[in-house]
């Protein structure tokens, strides 16, 4: 049986979506990822991970997968012709509208599964907005936590495989082997940042950046050693970890 | 070779997208369609038709298919729990953002392929906004023109197969045979409207309506006789007609 | 007795405006109409037609004429110095505010009588917004349906007397004979469009256009043969047809 | 020759509107004015005064009268069913749009002639916005200055003939003798306010009020002695004074 | 005991803030004030006057001082690098948000104590918005009424000590003697304006102006004779007058 | 010499603010902090820390302290009467306006020093907006990193001294010893959250919460053992660390 929300009919929504149901919204992006990866990377990964998570625990935890939001707040790539991006105001309006729509069902839990690091803070803000407006329990998860927000990356990349780096490239190679071309890819690591103690990705001081601030090619990390094998491993780990998190989400209460 | 826009890399956009290119944006909806059809109908149809049109003429006419916008202005179904909808303000903001993004490429033609009748007027408004803001040549097409905007429907339905009626149901049966359940479907035709000369779908006076204004079940038309065969015929005709229209679009000039 | 809404006092509103009442809002435009017509054309026609319709059936059908909205969404003429225009966002805000105001009366029916083709789609969108927000029954009518939205025009104009063409010029000549100067008027018909099957005014594919896209003079049609006689005939026909439509509106129900 | 802006054709705008031209925008309101006056009062007065001022000095000073904005920020009467009002956000958006439209002509001076006291502060704010955005020289005048903003009223009314009082009623009687019905009118003066030194209309401390704060009938002043004679005198004085002010406006420079 | 609102704890708010309480919001500005005064002038004056008023009558009248809003609508100085300013839309949004926050307490009276003349009209508009939205009794007072809004200034300045003139400079000298440097200050009076009968500060016709319209140095008035003595006198007078006004505010009723 | 931005005159801004200058904007909040702390906590801490940081390194690094933004996005406390809060839309508008104002100076670096955890994500979003809009180098620092965003808290509090806990209370005790009343304070730790591996403060899955979700008293942590001594130590450490970070900020470059 399908666990895609949109495969339900209107009347079925009223029965299938229960207070115990978890709605899962994958959020991707259509944005430049350097010369080695297509614009679709974040959308593909968000959707594939979501699908795998739902396959793993959807029945057990009553999870319903919403249609992937493929265009989001990618304005760090505004300099790159063709990147499709929403302003933060538009993005918040879309999320408010979706939250308002979901609040008409019986579901009480909404999980944002975000494949695009550039959305992280804004989705964090939206979590509270939707909780405040509708009483929804809202959650934000990532296929892998962006290094800028507490995640890790390889030592080789000095922990800065932020965008189009080893891990992301590998995962995408696993998912879409034919769509990766490493021939033009290089190591693009902002070494200078690594000298900082505070002002760096994941440091105590965060900073505003555009993807071409570091290098005109607009990717950050070292995809040269990427492989589908590593990708599979990362993907499987991510799915396992997120499925585990979904268990916590399914019973999450504020403890009050 | 893929004709999906998002399968291009950032650098490829700069080469592949040319002044002659046509960008095709399918627009669907996630909204109730009665007890016989899933919420995904408009999105599936918009995306499948777009894909078929691109298969038919994409190479020849240099068409690139953008990711489908699956959630749109479906507020005529706001009464139906679970319908996902944007307000007109949000929808216009999304379209402005996409237009602003596309305007950074070399493309000069943007085609909205709209699968949801409820978007028709608002997309009509957006056509001008994007032309004015960015000089884009903008077009709006439908898999089949909604009866409320000049399209036709069966005589049985008194021309009012607006939403979940014979044609839409048939096309969806062809595309997703397993997702249609006609067992609970009935003829839902607002007979009274047909008595009007002016105030009716496609009449000289249009009117504001919500999908439960006519019947609490929220669909309008008669799906009972729907069949995949009819659906295939309608689908093929639609694709052929739209591919024909794409030729006109590819050379469209204002004649000045 | 006056049927102008604004001629009522506040306390009279509470008595005179009943559930059966129809509120009629004429919407015009102040925009360039070529060298032969003043900027006021759409406003004058909308107001005069509204007045004549109310004279014909106002008492019988309990119609109240609201003050004409003279400035509206005319941004297809943004290129022409002096055209006064609202953005679609402003226009929708104005209509929402008026709808919210009207919803405080007992009236349940609001008719937009639109003299400016460029408003057509946006008013179509507003019909639903005001129905959804306030439960109003909302209607949109035109003195004559714009060719781009299902209306007709002369064969000479190849059906494209969109703006400042034969019919509009004639009607205005009838209403304001001293304000028309045909001496500089020419035939301005975008012949090339007529070759299209799909992409044309009233075709299955609509397109974004600005009024100087076709010709730098910014009018579309052939006013050269305009006459007050033709104008009177068109005006009288329009009024008769709209009065007929008002009867349908007065008893309009969704049939549920 | 007409001095109505909208009577010009598009091409005439380019010639007739010169850097020396003054554009005059009458702003009215459609709002309750008690049981003795119709909703149209402010719109009628603004338009009639504007017309008279233009008759008096239009040719000499190159003044062009814009179409009257009849619906404006009347939300102090939101409690009164039928009052048509814009929010301050909508009103400012309309004024910004009009300013942006006017800025495409050669005119450098825009005069707002405001017939509705409730707009006074907001128009004051708009003056600067349009100057800042477009470099326009912007002015705000009133048929008679509202007592709350430095104007006067009769002693009988304790200076508080704010809305529907002696002067306004008289002026309207002069302009539309048939539309005034004093039979139900009473003296409605908030005596208690007059005891204040600071917090009162025109005092050093202003305060937020709705028109039914003082009396459920929603008018403030004493119209009982109103007469067309007084109205004529007030009207003529106002026009003379405004025409005088227009001379100053026509040569106004910041003295820099 | 502190009369600063922010010195209360959350639970104390519920007890200390009563229906009789008056909340006092000082509003300043950070904007250029010529070469003799720092950018802080309006904020310092608003806060110091508020503090003195609360010291004078806070206990007796149950006044609570809110944190000073230091950045406001100073866009008449947009030309001057470094002036911090909000647009009117942002400023109104801030005031609406504060009003919505305050409306959750038991307080019914909100006083805006405005130190920046450029806010005057916009705050006037906000008074009504907050009254309408939340039923608050709202008031606007100034340390000294701006000449453009009914206040006075010296004869030497021809009544135009609008910004950085004798009085404001003196008051600031009294409050912050070390922060005034009169060495570069000159008399900057737009003499030409004084010739006008109608179009002038405080005249019957108001006008849009930027602070560099009159003089590139951006101040208006004659600070050359400023002294702390005069400042003290003005300050004390202002405080006394405002404390007097606060008494009226504390018992203010609409008299209905 | 003062390092307060607002103590400069307009002309001094042009000289004193250089490309090397760092502008430091403290951001606080006026929100409930339980029964033991006043509403001012975040504003006081942000301002005091900023002042100390500027005292420590302002001269050397050319830092200028902007006026503290005292009211911000505190809507997790919307349930608590009296909390003053901006919506995210208003907050972003304020930050955009300030960014636009600052961009007129020569400064290229803007540091947000945020005392309110609830702003963290939204300020993170704003960093990019201001960089994109104006090319500013933007930074976000905290007196101490909120546990929900990578910071630490005591073991006793299970790392959840989020709001009004041991550290914050101690720091405030050090700064304002007379304004803390520990008599009613209790340990308020959402033990249940600590059982989670993923969904917890600082976990891989973040969640939307309001401050009364965990406990009706609305604080989170254990202030019972707070002391001014600990506060001093934390404060001094914070200042030292931020001053160190300011050195990095002063030479920060993207390494391109």
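Think of it as A, B, C, D, E and F in the order they're written, each chain with its own count starting at 1.
Note that in this section contacts are C-beta pairs under 8 Å (C-beta built on N, C-alpha and C of every residue); 3 or more make two chains touch, one makes a residue touch a chain.
Predicted, not measured: the structure shown is a model, and the values here were computed from it.
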Fewest hops from subunit A to subunit D - one hop per pair of touching chains: 3
Shared chain contacts [subunit A and subunit E, defined touch]: F
Between subunit E and subunit B, distance of the C-alpha-averaged centres to the nearest whole Å: 55
Chain centre separation (subunit A, subunit B; CA means) in Å: 28
Shared interface positions of subunit C, touching two or more other chains: 78, 89
Arrangement of touching chains [line / ring / star / complete / other]: ring
Touch list for subunit E against partner subunit F, complex: 4-11, 13-14, 17, 30-40, 43, 66-71, 77-78, 80-87, 89-90, 93-94, 96-98, 101-102, 104-106, 179, 181, 218
Footprint of subunit B on subunit C - complex, ascending: 75-76, 78, 88-89, 92, 118, 120-122, 124-125, 127-132, 136-142, 145, 150, 190-193, 196-199, 202, 204-210, 213-216, 241, 244-245, 248-249, 252-256
